[in-house]
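In the two assemblies presented below, chain A is common to both, partnered first by chain B and then by chain C.
Up next is the complex of A and B:
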């Protein structure tokens, strides 16, 4: 998945135009959304509630796509797929990696 | 090869024209030569005289070779001699003879020239020679001046060798490898004849000359390269009418190839003959047309034939046993009919009228027109083989009997040993069960008494009694283990095991006892330790418990030093390979230590340092022996370093395979964590790394303000160097909101009191702080969570059972637990223990009643003893599962309660459909854990 860019700034520009203050606001909103969703996914995983995992992942995936967090979006898609196929081992691996992906996006936002 | 046509230009036909001329010894003409004559010899001489008077005219006239032959013969023999007809170019063939004489005391010779009468013969000879040359046959001819038979055989042979009146054809010289123009005698050839063939050569020549025996022999003659080749020399003497020996003529043929071929054939034949003779195999042939059979001497000997080697079939089969003869004829007819092979074994009567065994084999062949006409075969005496076979068979039979007898003896011995071993195992199992069952009562009762209001002295007595009872169970377990190991029946199970959880569990077992002994228990865990490894959790735990228990036991604090026990768990990266990790546990103490001699016999069963050790510290000396064997079974090793008075270090190296496990994500996954407060520098980093491994976002915060802490969901406060009141104050002053979770790391002794004051926080003891305790930090409501953590177990073990009933479990509700137990004491005890933890149970005294109750009520758990009258626990379990299947209901957890702890008991329980296993004696906290583990699984009920 390393071939997928972490963050593509053009995505948001193409959606709302080059309005930097608004872009920054969206970025902050995304980061804010990430933490509880990630923990929600982890908690649902621990409870073995795959539908909840899939729903949470889907929720964050739409935001990630809109913001241009491409790798996060791809990871969340994987999480959705694993939750659907009940592949618990891969699901755990992807949730762990999602945390890294979110960290990477945060770093990109600071640049 | 080309020949010039020989012509005679001058035909000299006058009969008496023999002329006699005198020549010097050197060939100078001494006679006068008439000039007015037409005699060809005179003409020839006159022609030469015109050129030189002093020349060797005789040599010029008849050729040097002939001149030399003439002169040598004449002077050597000292009497008249003649040479074979000599061809003088342009003047025809002449018979030349000479007489040695003297003129004025000068040696001279009289030479007669007579026109040769064999002119035609010469032409004929040439034709033969052409034919001979064309076929590669060399010819030779030797002319005798005197009859050689007048000499002795030896002289004759020497004369023959040196006779210069000899002719060898060009082909003869060529095949001998001699230059064509070089004059040779038989001597030239003799010198080159192989020494072994020289006698033959001499004998054949002399025999031919003296006895007219045909000259025909082969000999080896070396060529110019000194390589021997084979030649066939043939010849015959020629005599005149009066029987006077005139000449000897013959041929010379090279026959190396034929000779070698014959040699090979002869050698092969000889080899075959020798082999057949050596093997005693007889060869026979039967002509089916003529009905005649041939056989060799071996056949004669084998078939007991008296004389002839040719005869009828009956001749060589006369001594065959009549029954076998019928078989032989049958086989023979079949082989002829099918153009196949004959192979029969017959009995042949020998000279002592004893029968011997003969194997006859044959092969039928056809002639050129495909008509079956002969059979060739062999026969050999197989009596010895038959006898050997018979003896071998007898020997085998005897051996088989012996082996059978020995096997029977061994089986009996084995059965005896096995029955002994089985009796021992059964005895141990029975004793195990019989001791555990009453011990269950003892420990359970003590457990219950411990939870009643007691004064300090009573508490102390109860504690002692309980410890003694538990020790007794431990000793029993050790004896059972050792017995299993030594009987080779110890079976390890390999399942995913968390090293951190195991270490945490073991360390927590010893915190109370080390505290009571004022021994500091230190722990260092490598963050590189894999989360899960494949090993036997029970045995890993047993090994660690044993070493730590010993370390604590043999350490103490006195005025001079503080007792310290250090445990480390690390990965030896150097000796790890891929998934296989070399995990190293070290347990060090600064206790009494051991001398070298003690260390050497440390792992021998029932061995302690010295008798006084047993008296002072107790124990059976089985623990280390068991650990050493368990380590060995796990593929590991143990090293010991010890010094008397200084302490000991045990290093346990285990090769453990890292494995993945379907475990939950950490409860602090993705949580922002701030670490504040003081701890040793490397410990803080270790803590941070571990929390990060648990997927928390961790920061170390030094400047503590509202602002700096507001972003964190969890605050970990390190308060290891402060006293209780300081910690209390710091907790109260912490600038945090209610939403923020606080985890306090402090000395164990402050835990309870601080907990009472700050019930919402989680408290982890730092002495020692385990990796596993960090895994158990979570974001939920602290009070509830801590009750379910293993740390709480520690509290139960050492203090009292938490009597708080789980909210759902109302005492007036129908019982959700079925207890099937035949022993009234155990029934009473278990009911009491269950009531202590807030549960009631229906009781059945055997499996039949248990099954009846199960079918009539709804239970969340069934506890059942295994060995009961009427229906045992295994059958009950099977019947319950069958009932559930029949009524399509969810399976209810069935927990076995058994006094037996032998290998396979757990498996037997699981196989019969049980869910878990509790070994007697059952302590209340273990019962509680089991109920908590399984009770809520059937929450729907």
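Up next is the complex of A and C:
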């Protein structure tokens, strides 16, 4: 997973153009969206509700891809796959790592 | 009906939830009438029971009708339960019968029953009998949908629709004949029934023959058309955005890839012809440029912008798509899930829909099916917004009525290109 870039700014530029204020707005919105979704994923995992874990991961993956948070998007795909195959051990691992990925992307946004 | 003593069925299909200390009289009646029944006092156990047993029939007997409704809402919203087909019966006091009736009349719940005091135990049994029949039918229908509908490709789907409409015609004709018969019987006062029936039967036969001939004719045309378009299927647009030109005639379609140089060269004569035709159309359109059209009386009218509905649960991505479309002079209607999209569909005259496939409540494929089947929007182009594609998925999308797809995320140019292609195709048709 480490070979995947944390953040690719080109993605958002190709989607909405080089409008920096708008890009900043979307970045903030994405970070805001991450918090409740991550909580939702963790809660659903604890309740053993794989479908909910998968749905929440899919939801966040959409904006992660659009914003260019590449590693987050890849991690969320892994979470979806593990939830689908009911691989609890890997699922837990990826959910824990998603926290780090989100932290990393926040740092990249500030740079 | 035999008396059953099954107050503790292991897999009850019927649950009664009450908030009263004493078990109600209704519980006794139901337990004697139905095998798969259990009663619970409202609380953690009742929530666990709803979750575990997924009852098809839920009877709610709280202190008031309002409490029952609030309890139901909490089951659905807070506990995310009852997402399966089910029906609810309100048990209420005699004083609140009017209110319970009004709630059921609004379609909120299936029916109500006055359980305090109980006067009509057979009415309760009758409600349960009706529900048992109704829900057994619903379950069968769901199974048919899940198991078979997904296996149908677009070609067969379209034919099935045609057969259904053919059957609907016959049913209407028979109904018409029945009403004519009744009217004629009333007027003639017992005329010889054969005299009345013969011309009607001939008429039905003629119409059936005509419908069948048309059906077979269309079947042949569609088959030819499918074979022709199957060849063109693999050369529409790029791998990120694609308009599925026509429905394949079998499941063995090839997933189109970005045209490689060699493939494109093989198909050049056809592509050239298509390009020439497209150029001609562009020339013709230039004559009507500057967004103005002449109205019937020569008054210059502004061409109204095309309306596009974006159905996407992720508000960030929905907003991005919206901004891109508005930037290209499209009018955008937003919906965050399938249910909202269906509501919006009836309010607006749409030119195109961009549909996320994975959404809570009602997903994109089922929303599309609803659009096509129940709203009569057979020609409305619908492009899927998706992060995934493979051969099986494309076949499934086509059979559900999706016309094309846009990969998530695509560049602004590719999104606009896919939208314009979809709109152009409709214009040409």
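Everything below uses one rule, namely that the second predicted complex is superposed on the first by the 111 of 111 C-alpha atoms of A that agree within 3 Å, B and C clash if a C-alpha of one lies under 4 Å from a C-alpha of the other, contacts with A are read in each partner's own complex, and residues count from 1 in each chain.
Here is the rule we go by: contacts are C-beta pairs under 8 Å (C-beta built on N, C-alpha and C of every residue); 3 or more make two chains touch, one makes a residue touch a chain.
All values reported here derive from a predicted model rather than from experimental measurement.
In the superposition on chain A, A:59 contacts chain C only, with no contact to chain B.
Of the two partner chains, chain B is the only one that A:39 touches; chain C does not reach it. When both complexes are overlaid on chain A, the residue A:67 reaches chain C alone and has no touch with chain B.
Of the two partner chains placed by superposition, only chain B is touched by A:88; chain C is not. When the two complexes are superposed, the chain touching more residues of chain A, out of chain B and chain C, is C. Once the two complexes are laid over each other on the shared chain, residue contacts for A:14 go to chain C alone; chain B is not touched.
The interface of chain A with chain B does not overlap its interface with chain C at any residue. Note for the complex: chain C touches chain A at residues 312-314, 316-317, 320, 323-324, 356, 358, 360, 387, 408-412. Residues 660, 662, 664-667, 669-672, 695, 697, 779 of chain B touch chain A in their complex. Those residues of chain A that touch chain B in the shared complex are 35, 38-39, 42, 45-46, 88-89, 92, 95-96, 99, 103. Interface residues of chain A facing chain C in the complex, by the touch rule stated above, are 11, 14-17, 22, 26, 29-30, 33, 55, 58-63, 65-67.
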